[in-house]
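In the two complexes that follow, chain A is the common piece, with chain B as its partner first and chain C second.
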Partner chain A sequence: MDFVVAQILTGLSLSSILLLVALGLAIIYGVTGVINLAHGEFVMLGAYCAWLLQSQFGWSLLASLAVIFLLIAALGWLIELAVIRHLYDRPLDTILATWGLGVMTQQIVRLTAGGELRYVQMPPSLSGSVNILGATDSAYRLFVLAVALGLFLLTWCIYRYTSFGLKLRAITQNRAIASSFGINSARAYRLTFAYGAGIAGLAGALISPLKSVSPEMGTTYVVDAFMVVVLGGVQSLVGTLASSAVLGEASGLLAYYSNDTIAKALVLIAIVIIIRFRPQGLFAPRVRA
Partner chain B sequence: MNRNRRNFLKAGAAAGAFSLVGFPHIWSKNASLAFAQDGEIKVGVLFSLTGTTAIIEESLNKATLMAIEEINADGGINDLKITAVVEDPASDPATFAEKARKLVLSDRCVSVFGSYTSASRKAVLPVFEKQENLFWYPTLYEGRECSKNVIYTGAVPNQQQDDFIPWLVEKFGKRWYLIGSNYIYPKEENNYCKKLLEGLGAEVIAEEYVPLGHSEFSSVINKFRSEKPNVIFSTVVGDSVVALHRQYRAAGLDPATMPMASLTTSENEVAAMGGDAAAGHFTSAPYFMVFDSPENQRFVDAYRSRWGGDKVTHFVSESAYFQIHLFRQAVAKLTAGDIGPLAIREAVKGEEYKAPQGLVKVEPENLHCWLRPKIGQCKADGQFEILTQSADWLEPNPYSAYPNQKCTAEGLKEV
Partner chain C sequence: MSGKISRQILLYGIVCLAILAVPLLVDNAFLLNKYARYLIFGMLAIALSLSWGYAGILNLGQAMTFGLGSYCMAMFLKLKTVPIHTGSDGLPDFMVWNNVTELPWIWVPFQSMPFALLAGMLVPALFAALLGWFMFGGRVAGVYAAIITLAAMVVVNLIIIDQQSYTGGFNGITDLAQFDILGLAFDAYSASTYYLVAVCLTVTLFVALVVSRSKTGLILQAVRDQEERVRFFGYDVALYKTFIFALSAAIAGLAGMLYTIVMEFASPTFLGVPLSLSIVIWVAVGGRQSLLGAMLGAMLVTGVQGALSETEAFLETWTLVMGGLFVLIVLFMPKGLAGAVEALLRRIPGGERKGDARPAARQGSKSQPHLGGAL
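And now, the complex of A and B:
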């Protein structure tokens, strides 16, 4: 019994990290159609902010989360203003531009913060482990899971129940017609981009105590995030939630029965097969081409 | 067409053979072609200053340059100054080969000191073997190599494991979990480890490899929990090792009952993961920064005053440092006109030097070094506590996992 619980918890922990990283990407792509290859760098910058605030100013990780969200969101806002807004409806150019931004960000961090690996101290209150139905799990991993679910709920509620969300859904269906009804789509896009970037920064800060912090760390996360979004269906928030759950549990289980190398390969093969037969992803909405 | 091409190749081969074999032999005393001229002797320094492995290789570059400066400040070698030609191979094996060719052919360096990863060493090997030059490699590595053109000053598996494995079995127990990154180094180390464990009657309950750069160890840690090994033998490298240690600690596992034993976790890696995550785990290495000897005191002080008070020295930078001094001793035995890569190789055979880790010696047969391995336990302040030291220095045996093969001065022999 405790083995089953431990395995489910491990899978959930993997899923929560995938969800955190993919959520921002899914929002940005779903609303604006921009494939943001610099997403991994937002994650990396979030982790570096956590490291900087902790090592230079002595802030604990929990206290700095809100600040990190705002900082990275502001950065996303600026990038949208300076670069992205000129490139809407030019998918190839946005891919190239965001990729270039990502490379530049990596090198700027390498030049200013240095290339050595960094680490972020776990909050002392969460550094213990918790017993759930006979299985032990790290309190911090459970905390990350809770935050990921909380952020997902918040995003979903904004999307579903606020007037801003209503406007977003209208723009997603047809930007031109929504604009003709007086919706300020440029502002909505900018806020969406900033919000997606902020969530990515938060993801980076939250995973930094578990992983190592380095200028290249974003690259692996952006690949994972794309897997989640493509599998879940690109315009579906629920799809992102479901596919990160499926991918997390599957790779946790496969890694337990074989090893992480084989798990990674099998999960990728499974995604290739699914995309072959269901190119729109698992949870594609029926509207809009 | 075909015949022309064949003739052309023949002519080229003949010219090549003449220029490689004929020229230096006949003309090496000629001032314009001798390796030592104008009161200086050129050596190549080939460590990555940019790219993924730059962090660690930069420290090797610094230790190398510091040793060269020391020797020059001391009057050089028989009044010859050492001139270092520094190249940056940018953490890329192909660039390593290209820069090595440049150092050997156009700069005419008499030796090249460099490289950290096995991949980059394998990439430069053909250059040194073809040009009959000499490469000095400071890193611990997986063994199973027998080149007449490389001086290996880092440890091979038997030197790090012969004392370490029995000590751990006795202290913690016989159920072992082997976890490594998925490439050649961990597999070769594990081959030897399994051989030792079998001899000790210990049991390998799992042998597992994760992809290079892997950073999610929760499934692995779940297996630690359910299998309850006595020792986790970790050959995980790079940023993965940081993730493994931090997640091990977050999971609340206890190093006192299930320690991780590593051959690669040095002061450098500990600084990257934080002392709290490394505390309690074990490393076997010929050198630790805290090692108490007058030579090491001098080395650490010189390193910090030259490069900054917060810098750490570790077992690879120590080898990078002492191999320059072995080079000096070998060159000092030669007259200026005789100085050349092969003469240096012959002169360094059996040479001894009092390094920061203690006395080291170059084994004449396989050009690896006799070293004195130590077992260290990491403390929360990021330094190690040295628990034991091998009673005697240990002979290097790069084929320790393959008893029917032996590396000799004539090359690899089947026995």
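And now, the complex of A and C:
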């Protein structure tokens, strides 16, 4: 029993990280149709901000979260303004441009902060462990899980119950018609991109005490996040939640049982097959085009 | 039109002759080896230009086919290595270290040179054909196709690294014999290898040119611009796309084989994401819709990179500059340098192609005619 609970908790922890990282990507992709390959770099920048604020200014991680969100969101806003908005008609080129931006960001970080690994301290109030049904889990991991779920709920409520969310949904269904009804879709896209970027930065900051921080860390996350989004379905936030739970638990199990490399290859093959046969994702509802 | 075609052939021919003439001016084996590498990158760029520029298939995994070709050649050369480098019973050294007792079946046919040379092009082409049939048969296109090619490459790369006893794993296949055919030996650091690469490049360029000018090439360009309409005309779109995808893979496989000869090893990094990204950048810089432009773009970018790589600090900054340049080109010059040169040339003679100044229906590279250009 303890073992099962522990295994589930491990999976949940992986799921919460996946959800945090994928949420921003899912919002951006779902609303604007842009596959943001620089998403991992937003995560990485968030982690570096946490490191910088902690090591240079002595801020605790929890205190810096809001600042990090705003910083990375502002960066996302700028990037949308400078680059992305010119490319909405050319989806393939957005992949390339965001890829290029990612390379640049990595290189800037490497040149300014150095290529070596950095570490971020856990907030002292959360460094203990908690006993759940006989299994122990670190309090910080549970905190990350709670934040991930909280952010998800917040995003879902914005999407569902605010007038901004209503506009977003209208744009998602048909940008031209939404615009003709007076919705400022350019502004909505920009805000969406900034919000998604901000969440990615937050994800990076929250992950930073659990993993080491390096300029390359974003690359793995963008692949994972993309898998979550593809599996969950492009226009379904609930799908993102479900698929990060599934993928988190599955990779927890796979890592326990087998060879990491082969497990990763198998997951990728599964993704390829899903794209081929259900490009709208496993959990997507039927949406009228 | 025919005048333009012959002018294009002339231009392509002059460039190829210039490339072939390089060893007459350069007498430095090290430099020739370096230049041969740039030529191989040019071949890769031609391969991607065929599938991306002409058929609209953005292959983010072009390095997969390159690496497969490279491994085919490396397996052949490894088996030719003088026994002193290999283990007992002529087994490659890394197999002995991994406790493999007899030659794995997948290696056996690589003892024959004709097989290995064919496999270097056919294995990648077959891989691509299967993948193409899988994707295009299901009408997967655009962004999704790009992601699938990327994922496929990562899978192959992971498998090669994982199957250490058959592939040399992370270290790749090293300590190779020299390639020789019909009594001609190709030392990696010699003019003969440079000529081998240059001749292959010339042949590739002209084959690609012929294909792009053929009816098939025209249909593929139509598919790129309006896939649905071509399908309604009754063409088997998936078949055409699979064909060009496989042809591009075969070219990349050939480039991979040559790369093994020039570098004297094969490594999993040849199938890596960074190389794939580089290929896309070269082609974007040179001009995706121009075979010659893409090829020269690859040589230009890698050439500058090679010149800067003498100093570590420069190389670091170069990556940054390259990323920025790439973003700018994607944004403002979707046709790359070739497009810019073409626009410039068009302005000089004055009025020759005024008919083309039609308003672009959409902002983007899609609807503009480009068939007449010399590049």
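Basically, the second predicted complex is superposed on the first by the 266 of 289 C-alpha atoms of A that agree within 3 Å, B and C clash if a C-alpha of one lies under 4 Å from a C-alpha of the other, contacts with A are read in each partner's own complex, and residues count from 1 in each chain.
The rule is simple: a residue touches a chain if its C-beta (ideal position, glycine included) is under 8 Å from a C-beta of that chain, and two chains touch if they have at least 3 such contacts.
Keep in mind the model is a prediction, meaning the values are calculated, not measured.
Of the two partner chains placed by the overlay, only chain C lies in contact with A:I35; chain B stays clear of it. Look at A:T136: by the touch rule set out above, it reaches chain B but stays clear of chain C. Touch criterion met: A:I275 reaches chain C, while chain B stays clear of it. By the touch criterion stated above, A:R118 is placed in contact with chain B alone, chain C being left untouched. In the overlay built on the shared chain, the residue A:Q173 is in contact with neither chain B nor chain C.
Judged by the touch definition given at the top, the superposed model places A:T261 against both chain B and chain C.
The interface of chain A with chain B overlaps its interface with chain C at residues 259, 261, 264. Across the interface of their complex, chain A is touched by residues 52, 54-55, 182, 208-211, 213-216, 218-220, 222-223, 225-226, 239, 242-243, 246-247, 249-252, 271-274, 276-277 of chain B. Against chain C, in their complex, chain A makes its touches with residues 35, 83, 86-87, 89-93, 95-97, 99-101, 103-104, 107-108, 110-111, 219, 223, 226, 230, 259, 261-262, 264-265, 268-269, 271-272, 275-277, 279.
Within the complex, the chain A residues that touch chain B are 3, 6-7, 10, 13-14, 17, 115-119, 121-122, 127-129, 136-138, 140-141, 209-212, 214, 216-217, 220, 251-252, 255-256, 259-261, 263-264.
Residues of chain C that touch chain A in their complex: 56, 58, 60, 134-135, 138, 140, 142-144, 146-148, 151-152, 154-155, 158-159, 161-162, 273, 277, 280-281, 284, 316-317, 319-320, 322-324, 326-327, 330-331, 334, 362-365.
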